[in-house]
Every structure is written in C-alpha cells, then in structure tokens.
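Presented sequentially are two complexes of subunit A, the first with subunit B as partner and the second with subunit C.
Entry: the complex of A and B
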C-alpha cells in the first residue's frame, strides 16, 4: 500500500474510534496536522494502541522514534505502515 | 546524582491509604464531568475502578504510616534525626501551617528536624528521597524518614483526562549501616519548560524523559536492559504504557496496573505504592536494578535502586 492508501486506512480506522466519530472522511484525508483534526495527544495514544491491538494483535511495541512523528498526519501514516510491517501476525487489509 | 552513601538502606515502607473506598462513577454527575474533561475518551480505558478518600485530617494518615514504618524497622521515635515530607504543589497549599509540628508531637519525634520538598508536582518524592539521602553527609545522622503525601478534598477535582486522583500517605526509613530493602543508586529530576507553560507536546515530553532517564543510567553506570521492573506513575493506563515504551522501557516491566485499579493516582506517592505492591507480590531481589518513575506537566523524575542483600 502507498502513502495515500494509508491515509485512507487511517481515516477508516479513525471513524471506528469514539473520538473520531465527528470527523468526515474528507477532513481526515486532507488534514496535515493532528491539531487540525482536533485529536488530543491522549486520544492519539489511544488510537495508536487500539490500532496495534486491531492490526497487529498487540504484538508490536511503540518505538521511541515513532513518538515525534505523531504530530502530523504524514508522520502518523508512516507509523501505521511500520506497525503493519512489524506485525508478527499478517496485517489485516 | 550518584549515591555517595552505599551504606544507606531504604526500607520499612508503609502505606496509609484513605479509609473510604469510592468508585469514580459514584461521583455526582460523573458522566457529565467525564465528558467535560475527557476529550471524548472512554473512561473504562483509564484502568481505575476505585480510589480511596481520607475522611479525617491528613496528619492522622501520615502519623499512621510513620508509626508503622518505625515499628517494622524496630526503631524508636528517639532514633529519628530528620523527617522529610514530600507533596505535590496543590497539596502543599492545603496542609495546615502546623502540620509538621502535629506529626512530630503525635509520633513522639522529639529530636527530629522536619523538612518539606514540593514545587515539583508528582516528582517531589523522588527529590525528597534524594534530599533525605544527602542528610547522611552529617556523620551523626543514622535514621531519616521520608513521607510522600497527597490528597484531594473535593471529589469532582479528582477526575482529569489523564488520571483519577486518590488519597494516600506513604513512608519509608533510610538507615545507616543497614541493607534495608533497596539502596538508592542514582536519582534525577529534569524540567520541561513547555510543560510549565502548558504547551507540552509529544516531543517536549519525550525530550525531558530521555534526558532524565539517561542521567540516572549514566550516573548509576547501568544499561536500560538491566532494569528488572519499573515502578511507574498510576496515570491513565494507555498513557502510562505509552510513556514507558516511548523511552524504550518494555511494557511488561511496568508495575502499576493493579494499584491503578484499586487506588488511582496518589500524586507523588505512586512509585512508593508500586514498589511496596511489587515487593508483596513478587519480592524485591538482591542485586536487581529497579527504576522509579514520576512525571507531571513540566517535570520528569527517575530513581534507580538496587535490591539489597538480606
């Protein structure tokens, strides 16, 4: 999957999260920063850990080098790609 | 800071939790309160099911903890040279002006100098431990008590997005020429100026955490992989796991889940509560390295300990 595909995957996953319910698909795909989406850092952490649970069956641990990337959408998408690539179990498409 | 006093043992930890067990969702209008503070998160993810509330004056719980520490150590009140109280900034403002005197008189600490360490929010108790340790530079000092205390008078003030606050007083004894349960290897607290301004971010929080952890490991001549267990702060469970892993600590080394569920976040006393709980469940092992970790907006503190030979 390319970066655009991962933006869509992030948008779809966010829509399933309690704090992502008010965001439209277009908003998420166009956004540059997490702040634009109104996602707090605590919510970002919860989304990230829920993503690991959902797509990596909890087998991936947050890496220190991912933390600075969680402020902008490109960085978040890059982290999601790395989670999928690191998953012990095959990532769900 | 690296310990110059390898002969100082730290032990006889004692907890006095608030005597009333409460459930967060029994706080009046809890759902509306949570919606106001939570940024849309599900409260169940917090990991806190009950907290303890002090129904009496705070000094009663402090006196209870100190008495149990002395009893466990087989020390008399006359043995204690100094007592160091540690508390977060909001609790400092709530303590009565004669707080220290009331505790000294109640315990019978007639030749004991009181101190207070605060203004470092939930990181105050690690600095208090370090201060207590440094008091042994006076060769006449043989016993120092350190007490961490925090409480919240109004239940609605207990609930924040990152924690549910509970009440507790926890004490321990530093003794010269006694192995104790652990000995302090190194200790550090660092400041995040963005946090002090209320503008902390993933980057600023990670930066202060990395600097603090690196400082204690360097001073203690230890590697991250040598840490057997981490006595973490009892914050929102996913947040605590993230905070640990974001500096390279493995999730299964963090000890906090059970005490978070039962007691919530007891301010600057969390790492002591978790050390006690871990020792009761599994036992502190001689020669193993342990990390105490505290954090608050603007601050990050770490203490490295080594299990004592007993």
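Entry: the complex of A and C
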C-alpha cells in the first residue's frame, strides 16, 4: 500500500473511533495535523492501541519513539505502516 | 533587571555525587540551583513518551481526571523511576539530609502561544475547601533552621528556553513572604491578569505596591533532559511560550517524612475538575520514614517497585 492508501485506511479507521466520530472522511483525509483533527496526544495513543488490536491482533507494543510522530497525519500514517510491517499476524487490508 | 546566574556542574561530577559546598551556599542564598543534566536531549522525549503511553495503558490510575495531571508517578513506571533518579536524589540529600519523601508530582505543559505563568510563592500549598475554609497540604511538624523544608525538582522533557516558556526566579525571594498563600483568589480563565492557571496570584500580594518585575529576575533556561531544584517559596513563574513547539515539564516535590501531607484534605479541585485523594501516597526516595505520618508506597499502583537510593550511595 502507498502513503495515500494508508491515509485512506487511517481515515476509515478513525471514523470508527469515539474520538473521531464527529469527523467526516474528507476532513480526516485532508487534515495535516493531529490538532486539526481535534484529538489530544493521549487520545491519539488510544487510537493507536485500538489500531493494533484491530489490525495486529495486539501483537505490537507501542514504542516511545512513535509518540512524537503522532502530532501530524503523515507521521501517524508512517507509524501505521510500521505496525502493519511488524505485526505477527498478517495485516488486514 | 535581568541577570544571568548559573552554577554549572563540575565536569568531573558523576551521577552518584551530591552538591558542592559552593552550590549549597548558592542555593541557600538564592532559593534555586541549576541547570543539572539528567537525561540526554535524545533520551528525554523518549522518557516522556513512555510516560504518556503508560498514562493511557495504566490499569490502576491514582485518579480519573484527564485535566488535573497530578501524581502520575504513582502509576506510570517511567515516572516512578524518574522521581527517584539517583542524580536527583543525591543532590536533594545535600540540601535536606538522608530522609526524603516525594509527596507530589505535577505535569506542566504549555502549548505554542500559551501565556507565561504569573509570579507566585508557596510553602504549605494551601487548598481551599470552600471560599472561607482552607487547609495546608503540608504541615511541618518539626522546626527547621535550614531553608529547605520542601524542595521542588522541575525537569524539562522538551526544551524550555526563553522562547519555550522557561522558568523564572526572583533570587533570594525565599527569605521573606511577598504573598499570603492562605488567602483565596478569584478564578477567571478569560481575564488576562489571571495568569496563574486561571487565578490572579497578585491578589495575594502583601504589599500591593511591590512589583516583582522590578526585582532581579533570573531566566532558568533548560535543555530537554535538564532539571532545576528550587524552593517553592522562592518567587517563581514562567515566560510565555512564543515558539511553535509544546513545552513539557514535570515538577516533583519532596519533603522530610516528618511533614504531614494532606492531613485534612481528601479531594483536590482545580481547572474545572476535582480528584479524590483516596489512592494518594508518598514515596520514600531515600532514607527512612521514622514518623509514620503518611501512607507510604513502596510499589506504584501497578506493582512496579519504586527505586530507592541506598545510604551508601549505591
């Protein structure tokens, strides 16, 4: 999957999360920063944990070096790619 | 008048050493001392990020507020380690002796564009139960001639220079009271003069004509991973955050175990929220508790054993 595909995947996933419930798919795809999404830094870690449960069956541990990357959408997308790449179970597309 | 005062550590100092006699004298005279190196600039944000992850994943939190960010050393292993870091503890010992108890931590984040924190001065950390009823968080049960009844260690987990809301001190101001911390303040987050977390600390000034900005001011610039030690009684505040980056710091507060903590207080309110102190406890980071005044935790709420620096320096 390319970066754009991952951005769409992130948008689809965030729309299923309580903290992304009020955002439209288009808003998420267009957003550049976490702040634009109106999601706090701690809540974005929760989103990441939920993503790991959903797509990596909980087999990946959140790494501290990922946390600063969660401030912008490109960084978030990059972390999601890393999670999918290091998941023990095959990533669901 | 602004003046640079910094006491650099000796290049031969190791993590197991305390303060020099010169540094102790400086602290007694000025009420603060730093900066000191704790984590590298690369390590500091990782320690903080690990703390954030644990704040989210913690199974047993000290309270449920996401607004009042006190005491997360009680459930986050990275912060449990931090408060008892040997580099910190050895320096505290030089100022307050062997028996040292951490009673509180407080996270201070300043978003880009945030205003500075107004000048303030505390020692008993008075808590108001109502507009007229207040109790001290700390009751000192022993007389002390040392100017070190309580000590605060403020660690920068991101850069905290002049553009990034560094702390500021009025040197020597711990020697007298400029404010009356036992009086209530009005709360109004919209008012610009309410620059102390929504309160106007200037309302507590003993001499209404006294202007702290005419006092000598020291800007304590810290790199990520550095800390400063100070007496909360030393008048302090912070510059605004004029940068594009969030500034993150954490204050860890220490007293002797002879001090009674939250003796008549079971809840804390502030920032539009309130927390129970049911799970609050203190942590001995050095020495012994010979008093039994307070609940002492040896493990954090998730079972991690708090590190403790042994008396022989190991």
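What we mean here is this: the second predicted complex is superposed on the first by the 93 of 93 C-alpha atoms of A that agree within 3 Å, B and C clash if a C-alpha of one lies under 4 Å from a C-alpha of the other, contacts with A are read in each partner's own complex, and residues count from 1 in each chain.
Basically, contacts are C-beta pairs under 8 Å (C-beta built on N, C-alpha and C of every residue); 3 or more make two chains touch, one makes a residue touch a chain.
Here the structure is a predicted model, which is why all the values come from computation and not from measurement.
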Under the superposition described at the top, does placing subunit B and subunit C together on subunit A give a clash or a fit? clash
Could you look at A:2 and tell me whether it touches subunit B, subunit C, both or neither (first, second, both, neither)? neither
Tell me which partner A:64 touches in the superposition: subunit B (first), subunit C (second), both or neither. both
Check the residue A:19 against both partner chains and state whether it touches subunit B (first), subunit C (second), both, or neither. first
The answer to whether subunit B or subunit C touches more of subunit A is B
Just to be sure I read the superposition right, which of the two partners does A:49 touch: subunit B = first, subunit C = second, or both, or neither? both
Clash check vs subunit C: of 27-35, 189-197 or 279-287 in subunit B, the offending stretch is 189-197
Jot down the residues of subunit A that show up as touching in both complexes, subunit B in one and subunit C in the other. 40-42, 45-46, 49, 62, 64, 66-68
Over in the complex, which subunit A residues touch subunit B? Could you list them? 18-19, 40-46, 48-49, 61-64, 66-68, 70-71
Subunit A-facing residues of subunit B, complex: 39-42, 45, 161-162, 201-203, 206, 210, 236, 238-239, 241-242, 245-248, 250-251
In their shared complex, at which residues does subunit A touch subunit C? 40-42, 45-46, 49, 62, 64-68
For the complex, give me every residue of subunit C touching subunit A. 45-47, 49-50, 52-53, 55-57, 66
